[in-house]
């Protein structure tokens, strides 16, 4: 790709990204907005690829466009067809105040974009700081994995990832407090059912592959977790009641597994005299893989539960007892 | 002593997981974790007092590469306050929530909130601050919507959207800083950053995001409904700690990391917004119909006082007077934390026992719950800034700083604000002198009233009389 | 290639502005959530543009890790927001 | 345990601790509450006795607690503070006995006596304050402790009166705080030193010092009921009798006057204040208040309102005393602080007795009350004559010294007319009451006779306190020259202030 055609490709890509972003926000119908947003996510994934960020491209496609889109569509689905007046696209106050407000906000946003651009132009004109990437490539060998992004995520800045898993756990606990899951979907027709019969095993296989390959190539726990979640979502859409989610205590265990194992490893290392989350070089690879597996399960369970939109309808006998106990206080 | 730092994050996180896995004995596990974390906070405070600022590199990687945890005087004090307030509110919550399912859902989120607060006060890395802010926002929203009533859910949703907007602005600022200086560690950044086209926009973006989260005056609209409709222990922690965390970050960025980037003009802008918050918050609190709304607007006003310190601290040259003013600021932060938590817990008792918290019909209730009324009075004394309370010392330093630097506007605003605060507090206490006969047993619900009383007493008496060590601790900079 | 970084960074700024405008102006909750996600994507685009070092060279892995964390945090926040919106809608329905 | 550092704290604690304990007592435990009160009062009296003896022999008692760098809570016993502490301790003991009798079957007594002791601790703390910072702290604590007492009855007027009281005192407190902070920034920690400490400041600060003096005096003037700021005093009459007795004779009103004395003598130094021309302003304000108070008292039919306005004018004698340059004027002002306290508390006790025993609230209902309650009315007469300035009662002594001081300071041209007119006005509003009480025939029945005339005219606890204080007033006048008398002590203070 000679530079000129690369420039044309870049221009086209960016135009479509900005165009899709603008379109998804400009429409009045929420469904069109969400679908355009998903398209925006996918094209953005291409842009990540163009900027040599494959890990992020995978995550964007799977989580950013895929699952966020699925969540938004599920929510948009519950909106009654004729949108109630107050939630139409055009802002509430149409009068003079509305116009002034819109102009003021637009002005504010352009000013914000201007300052950002001005600061970034200044940054790009000076030589980029390579102090941190240099240190990473120097310490990559000691990190137990060869993919630098996974090394940063799970070794150098492991503490960030631990807290990020806690964020996921908080989100799903918050969703649980808000009530029961949405009603399920009607059973799928033969074609969709056939597709599901093939698609789900493939999704599970790719999830396993992505988990394993993350150590030395783009991939890792988040992308694998998203794949697994996709399998669960597809089963849910096909109207299946059992979508592979454990129940009761096991479900809570899986949800807590990601953060729990991470914390357990960190604390045992601390007890053994090493710094918190400071994996010994010999064990780093296996430890990271162990943590990533637990993280994958937790992420998958969390994202599926988010798609369900609430506490899953317990089906088993024990669950019935559990539900009955729920109602009587002091149980 | 550095293990105490890890303990402060790991213990509540482990507690959260334990309460999630064992819903039946969630309360016992939670209170146990709470005690352990408070001990850890005490150890840290002792460590910082004896050995000076503590520093811990997670994973053993040097600060540039990995994430560093830092604890200086200021963060150690805030951690200790957080521990005491959350522990007291936990004891209160164990009696406040009646059914097992409510408690099973409450405790994990509660301990996750505590984890995020401790992680935020300890963090020495910009992106890590973003993640802790996000964890704090989400757990606070989840807790605020715990009641499940329409008002609570609507307020929680608006709070979440505002929080997300704030976090995105903060992340944009972090991105700019990383682009410009190639490092995310606060200590190295403080050495490297210099005024320029990268530092100003980045600081502006980060500050805008944080002001949204700390509900400073023009951006405070989301706070009153969210804090007023949340369950009592949650609104206590929201008002006393969660908004303070964002303020702590503004303080850390402006006075510590970006010290030479910040201009007095920008500080004056913060001061003016703070003054607006003081007057507007107090005025709305005076007209509030419900006790919880009054307490929420009083939070908006009290935050205004904290921002009044910025123009003073920047105008004063580094030296003893500036340390005194900084000490006054911390004293106000701590006293408001304890007082507001005590006030909300007391209001929670009134709301639970009498079914309503409208101020006009308080006559009978204030008589049947004398200990609660006494807690409200003590908390009120601390909120107004009357002598035995720590806020009196804080306001004294604020007035002294205003006189020293000749910025008389802040002096006038503080005076008016304090009188308005006296008006809306004594409007409530005035109702305590109704006609009902005096009940024989002053404390009716021990497990709920003692936390409220102890918190309010901490603000109104202990901090006021035993506040001197705060200034000594603050000299231990990062 | 310097121009690629600049191009993508400017696009990022535009998307941030669009997202912010949408978040502030829209009345319907779902569109506000979409707008915030768009703004987040804009910020991530900035970060990745900063990480890009040129066609042949290895990019800086730190922003990639940050963006990965950012995406996961964004999706969990969106999930909670949507659940709150759904509960609010359900409450509005019956009262 | 080093005794000198702990005595002032013990003096304050001797009423603070019983108060805190009483708060949590159940309503029914009368005997325990009464013993606690009396033990506290007795213990305080003993401790104050030791304090007097020590200070008389140049012994230094000081306890210091650092609240923040540069801000110390200091309790320091010097001659002036001991005078005020003795006054409040003696009158607190007497008022406690009276209050126990007065609130026989009333509700909320634990709360009442709790705040009552807190109020006295604040007054004693204020008296013993070693620097302006501590003075401001106890000044605000006094407001907090007295608010529930004024609103004790819970009737709408009581709550309204308390709210007005609060608005005035908190506003004044804020101005006082600003003045103190401003002074602290200019002159550092302002300890109370006989002869004042501000004279050494550069002349560039003088305009600021004048502004600060104005702020301080307005802040203190609210509690000292100087004219424009006295509005709360008549409103606070809704409080029960022991409260208005202790408040208006000892605690609140005197705190303001004592503050003015402290600021003029121990912060500015009287010569420096005169050099700045501040004393004339203060003198004029005091004079206006004296005349205004007396004139307003003429038109009040309600007995307690009349006494309230008489307090407004009497307290300004102290301010007038400080405004008169020279030791003799100072003696007059300071000794009036004690005399007015004793006389006014007797008047309020007797007014309480009339209300409690016969249901009399207004002067028009007092016909022939002397025959029904001779002892109480006798005490009323002694105190009333003292207020007018008739020898041998204590009031005459202070007015005599004020007049003498004015002559010596050459300010007689306007001070003497003020003294004379106010004495005439005092006579104008007290003598008709005496005449009505002694020489008029009582009406067919008393408005509401609660306590029948048994062996004594009313219950013992109500009767003896006014009689004791009346005798004290008489003794203070007759034995003025005796050692340890208020006059002697005031002379000692004046000499130490002027460094004679």
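Residue numbering begins at 1 within each chain, and the chains themselves are lettered A, B, C and D in the order written.
The criterion applied here is as follows: a residue touches a chain if its C-beta (ideal position, glycine included) is under 8 Å from a C-beta of that chain, and two chains touch if they have at least 3 such contacts.
Computed from a predicted structure; not experimentally measured.
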In terms of C-beta pairs in contact, which of B-C and A-C ranks higher?
A-C
Centrality ranking, top chain (CA atoms only)
B
Chain B and chain C: spacing of chain centres that average the CA atoms, whole Å:
29
Measuring from the mean C-alpha position of chain C to the mean C-alpha position of chain D, what distance in angstrom results?
70
Determine the centre-to-centre distance between chain A and chain C, using the mean Cα coordinates as centres, and give it in whole Å.
12
Chain-centre distance (mean CA atoms) for chain A and chain D, in whole Å, is 73
Tell me, which residues of chain C touch at least two other chains?
16, 19-20, 29, 33, 46, 50, 62, 69, 73, 76-77, 80, 84-85, 87
Interface hub residues of chain A, defined as touching at least two other chains
112, 116, 120, 123, 128, 130, 132, 136, 157, 160, 164, 167, 170-171, 174, 178-179
Once the touch criterion is applied, which pairs of chains come out as touching?
A-B, A-C, B-C, B-D
Mind pulling up the chain A residues that touch chain B in the complex?
112, 115-116, 118-120, 122-123, 128-132, 135-136, 139, 155-160, 163-164, 166-167, 169-171, 173-174, 176-179, 249, 252-253, 255-256, 259-260, 263, 266-267, 270, 274-279, 325-326, 329-331
Which part of chain B faces chain C closely enough to touch in the complex?
127, 131, 134, 137-138, 141-142, 145, 148-150, 153-154, 156-157, 160-161, 164-165, 168, 171-172, 175-176, 178-179, 184
Tell me, which parts of chain B touch chain A in their complex?
3, 6, 10, 13-14, 16-17, 20-21, 56-62, 64-67, 98-101, 105, 108-109, 112, 115-116, 119, 127-128, 131-132, 134-135, 138-139, 141-142, 145-146, 148, 153, 172, 176, 179-183, 196-198, 201-202, 204-205
Contact set on chain D toward chain B in their complex:
24, 26-28, 65-71, 73, 107-108, 110-111, 136-138, 140-141, 143-144, 147-148, 151-154, 158-159, 162-163, 166, 170-171, 174, 177-178, 181-182, 184-185
In the complex, go through chain C and note every residue touching chain B.
16, 19-20, 23, 29, 32-33, 36, 39-40, 43, 46-47, 50, 62-63, 66, 69-70, 73, 76-77, 80-81, 84-85, 87-88, 91-92, 95
